[in-house]
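Take a look at the structures listed below.
What follows is chain A paired twice: with chain B in the first complex and chain C in the second.
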Partner chain A sequence: GACRVSMSLAEIRAGFTAIKADIQSRDPIRTLSILSHPHSLHKVKSSDRCCIAHQLFTFYVDKVFKHCRTEDSFVNRKISSIANSFLSTRRKLGQCREQNNCTCGEESTEKFKQILANYEGLNVTSAAMKSLGELDILLDWMEKSR
Partner chain B sequence: DALLPAPQDISILSTNMKHFLTWSPVVVQGATVRYSVEFQGEYEREYANGSWIPISECSLTTATVCNLTEDISATVAYKLRVRAQLGATRSPWATSKGFFSRAMTSLTPPELRVVADGHHVLVELADMGPSFQFRVLYWRKGQESRVQQKVMKEVSSVVHLATMEAGAEYCVKAQAHVEAINRSSSFSPTQCVRAQGDTSVWLV
Partner chain C sequence: SGELYCSLPNPRNVHFESINMKNVLHWSAPEGTGDGVLYKVKYAVYGVGKWIRKPECGNINRTWCDLSSETSDYEEQYYASVKAFLNGACSDWMETTRFNPLTDTKIAPPMVSVSSTDRSISIILTTPEKWKRSPEEESVSLLQVYPGLRYNVSVLNKKTKKRWLFSISNNTLVVPWLEPGTAYCVSAQIRVTTPRLDSGFSK
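And then the complex of A and B:
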């Protein structure tokens, strides 16, 4: 249920906070956002949240983490911790989505397409690092929309 | 490299969400053998080409134990491996059999202290770490069917549980709960205290 996902969010946030400054320092393009351009996640309708959350966790698992390997062992360990937490949280979101028959509305489908377009507009390492650096945007949105 | 044998008897000891890898030492007369440990989560297996991640605190260590707690921080299946090193000579990796998930940790009952302070029942629980919550059950002796519950998400110092009727005896027990793995420990032994005058009494 929701509370178990929230527990994982707290752990993910702790892992991200430990490396946030390092990750964000590796993102030279400060004028563009992948998750918030052109519209904030907070504009997503509540009925679409479950679906887009699952899509976003899949996006991070499939596309982002694998391109974020650094020369810093501590950072790599924290990224692994976040990635594995994303994997188990995505599983719960997937179960949630099936049980509650979450549908993806037109708006959220469009929003997710925009996120992918923002991502593909950059070279893969920059896009992955920027997406990882924006994790608190995703976590804030997840916590506010519980 | 194969001259140096791989460490044997690898095992993972996990209690109350603290996880340790242990192994038997590789003995080479008159030499100091060092060890390095790496871990692999489900993410690394499924999405990162089966890559392994070194644990720097357990790289070239002479110890035969490694604290995995910081790295085993998701509820997925992990694999661990360790190898020995003597100078430039390295042993083959020895990999843990099967997978380890933190959901397999063994949970012990919490340490509970119950104090009667006049007519008040106060409890104190030992801190078990950030992952833990506590479920405290209490009832008036003889009224076992009317058990009350208090869930404590964080351990603070002494907590007021109930106000007792004069001369009544109240009993308390507690269990630990870990939300991240959705499991609870068994209950601590029941402790009962009796309402007294103004003096503070502690009865085990």
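And then the complex of A and C:
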């Protein structure tokens, strides 16, 4: 059904693995994470996962990718192919959310607000590059909770 | 005490080597320093604001440090760093890249046990366990860590050199219709599709 997005995740994972070292080396801030602190995605209740996943993919599509330009054309190509995979996956997650009437519980809504606060706490380029460098945190969570 | 004057060349190639999530920090000695160099090690959980010293790896002369215990939560990611000291001088702290135990570990091959009748072979595969602090600690199979884990099994007829390859998700396989009195070589590999991790083939 629409909630099965494993093919897209594998594509995104492959694209990210190719540029992970490059992207993470552009993020000098060790002491702050957008996705994993203070709240871990792994603590999201299973009933909220569909809704939070859709919100997170929307966050990346609307806020992150557009600010992730580099001087390296290979990296840029990988970023745009990841962004395209995100667009199609977000559409599927949106359908999944509608079909299953997924709602975000209060706790998960709070987690997502914290993620946005972490993001707004940095200048936009640093925040976007850090978020991109944390894609494996998002993918690990989504694959584990399949 | 105040920081020493750091003119010593830096440790090189600071990186994690990980097998079944036994995560060991390795590095090379600073260029041209010879014997007598001592090292200190610290690590940090990515996203958490402090570096933590590893006491057991303070003032050591070896060039590795086992951080498996400190990096055992594979839902977190980590950095580690090494500093060198020699004759009152020191180097800068030299860091690893971001280490994700879940995707950056290597998986050992499965254990293969084989029994046979005159015309078939029964194969049972055992997935390695995740590293654990002590034998008393509860074992975690890598099957629990990687739900999508599968196996490739190779069966080679040593006389004809004909090889069969099977891709299975459960850990048992029966290979029928074999030639009596013939030697077969069985070998198996673990495959995780996402994140993409393949073990070598078992001996």
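Simple rule for what comes next: the second predicted complex is superposed on the first by the 143 of 146 C-alpha atoms of A that agree within 3 Å, B and C clash if a C-alpha of one lies under 4 Å from a C-alpha of the other, contacts with A are read in each partner's own complex, and residues count from 1 in each chain.
The rule we apply is simple: contacts are C-beta pairs under 8 Å (C-beta built on N, C-alpha and C of every residue); 3 or more make two chains touch, one makes a residue touch a chain.
Remember, it's a predicted structure, so these values are computed and weren't measured experimentally.
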Contact-wise, after the overlay, does A:15 reach chain B, chain C, both or neither (first, second, both, neither)? first
Using the superposition on chain A described above, determine whether A:125 touches chain B (first), chain C (second), both, or neither. neither
Check whether A:99 is in contact with chain B, with chain C, with both or with neither, and answer first, second, both or neither. neither
Partner chain in contact with A:25 - chain B first, chain C second, else both or neither: second
For A:74, decide between first (touching chain B), second (touching chain C), both and neither. first
May I ask you to decide whether A:40 touches chain B, chain C, both, or neither, giving the answer as first, second, both or neither? second
A:61 contacts which: chain B (first), chain C (second), both, neither? first
Using the touch definition from the top, list the residues of chain A that touch chain B in their complex. 3-4, 7-8, 11, 15, 61-62, 65-66, 73-74, 76-77, 80-81, 83-88
State the interface residues of chain A toward chain C in the complex, per the touch definition above. 6, 9-10, 13-14, 17, 21, 24-25, 30-33, 36-37, 40, 42, 133, 136-137, 139-140, 143-144, 146
Going by the contact rule set out above, which residues of chain B touch chain A in the complex? 39, 41-44, 46-48, 53-56, 70-71, 73-76, 78, 179-180, 182
Quick check on the complex: what are the chain C residues that touch chain A? 44, 46-50, 75-77, 79, 97-98, 100, 102-103, 147-148, 193-196
